[in-house]
Amino acid sequence: MNFRSDLAIENYEFTQKKELRGVKVEELNSEGCAVSRIEVLDEYGAEAVGKPKGLYVTVEVAPFAKQPHFIDGSLQVLIDEMKNMLPKKGSVLVAGLGNTSITPDALGPKCASMIFATRHIKGELLKSTGFESLRRVSAFSTGVLGNTGAEAGELIKGAVDVIKPDFVITVDALAARSVHRLGNTVQMCNSGIVPGAGVGNARQEISARTLGIPVYAIGVPTVVDAATLIYEYSEADEGVPDAATRMMVTPREIDLMIERAAKTVSLAINCALQPDISPEDMLILIA
Amino acid sequence: MNFRSDLAIENYEFTQKKELRGVKVEELNSEGCAVSRIEVLDEYGAEAVGKPKGLYVTVEVAPFAKQPHFIDGSLQVLIDEMKNMLPKKGSVLVAGLGNTSITPDALGPKCASMIFATRHIKGELLKSTGFESLRRVSAFSTGVLGNTGAEAGELIKGAVDVIKPDFVITVDALAARSVHRLGNTVQMCNSGIVPGAGVGNARQEISARTLGIPVYAIGVPTVVDAATLIYEYSEADEGVPDAATRMMVTPREIDLMIERAAKTVSLAINCALQPDISPEDMLILIA
Amino acid sequence: MNFRSDLAIENYEFTQKKELRGVKVEELNSEGCAVSRIEVLDEYGAEAVGKPKGLYVTVEVAPFAKQPHFIDGSLQVLIDEMKNMLPKKGSVLVAGLGNTSITPDALGPKCASMIFATRHIKGELLKSTGFESLRRVSAFSTGVLGNTGAEAGELIKGAVDVIKPDFVITVDALAARSVHRLGNTVQMCNSGIVPGAGVGNARQEISARTLGIPVYAIGVPTVVDAATLIYEYSEADEGVPDAATRMMVTPREIDLMIERAAKTVSLAINCALQPDISPEDMLILIA
Amino acid sequence: MNFRSDLAIENYEFTQKKELRGVKVEELNSEGCAVSRIEVLDEYGAEAVGKPKGLYVTVEVAPFAKQPHFIDGSLQVLIDEMKNMLPKKGSVLVAGLGNTSITPDALGPKCASMIFATRHIKGELLKSTGFESLRRVSAFSTGVLGNTGAEAGELIKGAVDVIKPDFVITVDALAARSVHRLGNTVQMCNSGIVPGAGVGNARQEISARTLGIPVYAIGVPTVVDAATLIYEYSEADEGVPDAATRMMVTPREIDLMIERAAKTVSLAINCALQPDISPEDMLILIA
């Protein structure tokens, strides 16, 4: 596979086959958003799609950078798909992956900073606020190996050991193959994540296998590798210059796009986790 | 004690006694910097100074906001005092405490982001760079309870369990009693920290008692509580308005001061931990 | 006058007189917000209140830092008072004053960056968007003398000469006498501004006298001088330490407060200038 | 010309001709940096190179993102070439062009904020600091049309009318054709600038013709248009997707690159304008 993509849907489409052994695909339209559900059933499917066994749901939303309303149809589809995938009960740790100093990689930390953390809210306060039923949520950002000296997976493991959540959600910026996917796509899966895989810098896997509890990974494609872009359009393997491999392709409005994507995705996670709170009220709780 | 201070030296001075049972004080001048070493020897001393048993070293440096050179006499005094206090060998985890969204509280996270993390640098790379003797360092920021739902101490505990450092250094912004202490003072101690104690919002203790390994706490006073300021000058307990208790006093140049303090303190820590690397080279490694 | 304040209402209250020669005061309650209108009628009034002839309207709003809804009763009162004061027609240049690198002084530049600039939108585009009636608005930030080498007033004069607006609105952070005024007050006046007056660093006047067109000044108090705070509570002139004069008092949540105040004030200005656009739509146009 | 480039050297190289009528080219190596001087002599040359008459000097420096030392051989070459081109005497206004909210476009404003402004320093202060001979410098950022409603050129014209400098320097981020040029190239010219020309969004010319005084333009290429990248490698005009035209190609480390480039370029300008101050001292004056 010459094209790097963190998106299961792109890897599936790249095969240009309608049917793949070990892969079940469902495509539908929900409130104007294209939703695809790709289920990788076994090792055959895993090899075909380049992803471990699990369910990969992709939602195409209105472009983040052109979406000043956070509360619209796209948001509700995101909330619904997250509710479908995530456990209905149990406490959760949300971990933001990525580098705050690299704009297109800052999605994870920005999201984590907008998660409605509730684990520390005591019972009495809960009652007084009328929020008796709040799910216990905690959130943090892992930083990146070059700055911390620790794998994101290690710091999550440590946090899990102490906080003892029932499951983990990771949030990360992803690499796509096609520029058409940038800033209008959210992928969620139940098989965890290998951070950096899409930019050729794979880090320690973060999954049920490594943490011992379910790991859901939510991501938004924010970059295309420059070499991938060239390769896709030139149809020539050789012409790709070495310098291009250190380049990334992003929308011009990447700074705005990241802001909006982080706000939308964190809002969707917050609402999926606390279904008794409306998006409008959640925006105020987090603001 | 009506005046809140995170500085042992201020609590000592506030007693206006030359000698205190259970407290040993040494004051000296090192390369133009006033250095004080207050040793709290027992429970009598702990009560008198409002700090647990341990050694508290305060270095008065040139004002951070007026100190564009990072490499000067003050830096060397800081490095020397840190070297004196910290273990000569062993791996370390540096934890930045505080809130990146509140300027005077952002010292810890900013410092942590400038720590020279080495734990992930493999042996062969080390040899090739001529850095065979690098001490293993990792670093991360804990965030704050309201945003993460987890105590700083919990996240440090989790990281310690996985990373297994020999000791921990915390970095935090402190509250002083006197505005004269703002932006020109560094306190380091070997007894850990109770974050937020100086602003009346005490959090979980972070110490050898809670982590099982030595904890060194390094801090810079960046705010005075407004009520403390009023109380100090009005000498009247009653007049302090409620609104003032939600106010803080900072230098006008607080944004610049925090930038510079974070750079200086992180540079001092980096150099104290890696004595074979000069401050000049360290600046380049971190830049 | 020993207390520095940029607020006419505070200077008036400080006199502790119900009636002042040359000053007309009206106080009312509008949709839950206290509104005061102080008219300085002549030189007697100007001396009594420490402000040039003109109308000074103060609106007490819900605390910015606790106001996640931008669109509420406070906003409408701000819009209404601005509409009352500003010319009903004519083009305008909005100038943000202050220093983006000093958090409590960044209100002006942040506001200016959220002004809905329309001067460059061509007639055809206007028609296609249904906005035929848009008032012509331009906006910029002046920076500060120490960084630019030019007075804010000079750069505004230059911009006015080229852009030729019918009037100017300045936006600036103000200094208050009382901490109770911080983060919940907006002052607007029709007599221009002497930037920095409230922090003892008066700059060139920006007014109809210097620009030749009307100048409206809108501001939010964000700091109290530390010396003022001490003086107010200690009732002693002498005790104020020199160091305190370089300190400022701000709410702990100053960073958040500035964000919200800038968003609210810019939204109010935008809506007052373009009455055909609802606040909801304006939020989207600016987002 | 299908390739958009703001760099005269790239347009020249694209012709693949050694000699061009109306163009004089000099290439040399200065302290390890490749320096090219392209002189556009007449209208023939202007058409061939796609640039107005004037001198275009390009300096290839060590990659900004890998250059933690600001004071090195590259800096001296930049200073020397600027000194060669700029008037030896006279006051100057430095104008930063570009959008602070778009990382690769923020070079101009960041540079402007680090210019050593001296115009406001009074004679006596100058003497007391030993800086009698300081050239009078002012600096500001123009913002962008969409946010201000005013062309950068208009705001510069206004500032020039009031400040009356002897010449203007603009600083802007540029678009290159080749990714090899990103982050290691500085172009300076004496013919002014048409901002945005390289990204297909040409704005009002800023030149001696429009301002009445000499205009020197200094820029650093920070992006390649995605369509240009594809076109260059695919050698096919048609295949370029519409979406790609809204994409840009940048180095992964673009945030760091912009920080460093702004610091280096502003330092070079400061030193070229004030030759009596060493780079080391200038760094301190600006810090």
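Brief remarks on what is shown
Every chain is named by a letter (A, B, C and D) in the order it is written, and numbering of its residues begins at 1.
Just so we're on the same page, a residue touches a chain if its C-beta (ideal position, glycine included) is under 8 Å from a C-beta of that chain, and two chains touch if they have at least 3 such contacts.
This one's a predicted model, so the numbers in the text were calculated from it and none came from an experiment.
Two copies of one chain, chain A and chain D, touch each other, and the residues they use overlap strongly: the shared fraction of interface numbers exceeds half. Its C-alpha atoms fitted onto chain B, chain A is found rotated by 180°, rounded in steps of 5.
The centroid of the Cα atoms in chain A and the matching centroid in chain B are 36 Å apart. A separation of 38 Å divides the Cα centre of chain B from that of chain C.
Along chain A, no residue makes contact with two or more other chains. Looking at the complex, you find that chain C touches chain B at residues 101-103, 179-180, 182, 199, 224, 226, 229-230, 233-236, 239-241, 243-244, 246-256.
Residue ranges on chain A touching chain B, taken from their complex, read 113, 117-120, 136-143, 145-151, 154-155, 157-163.
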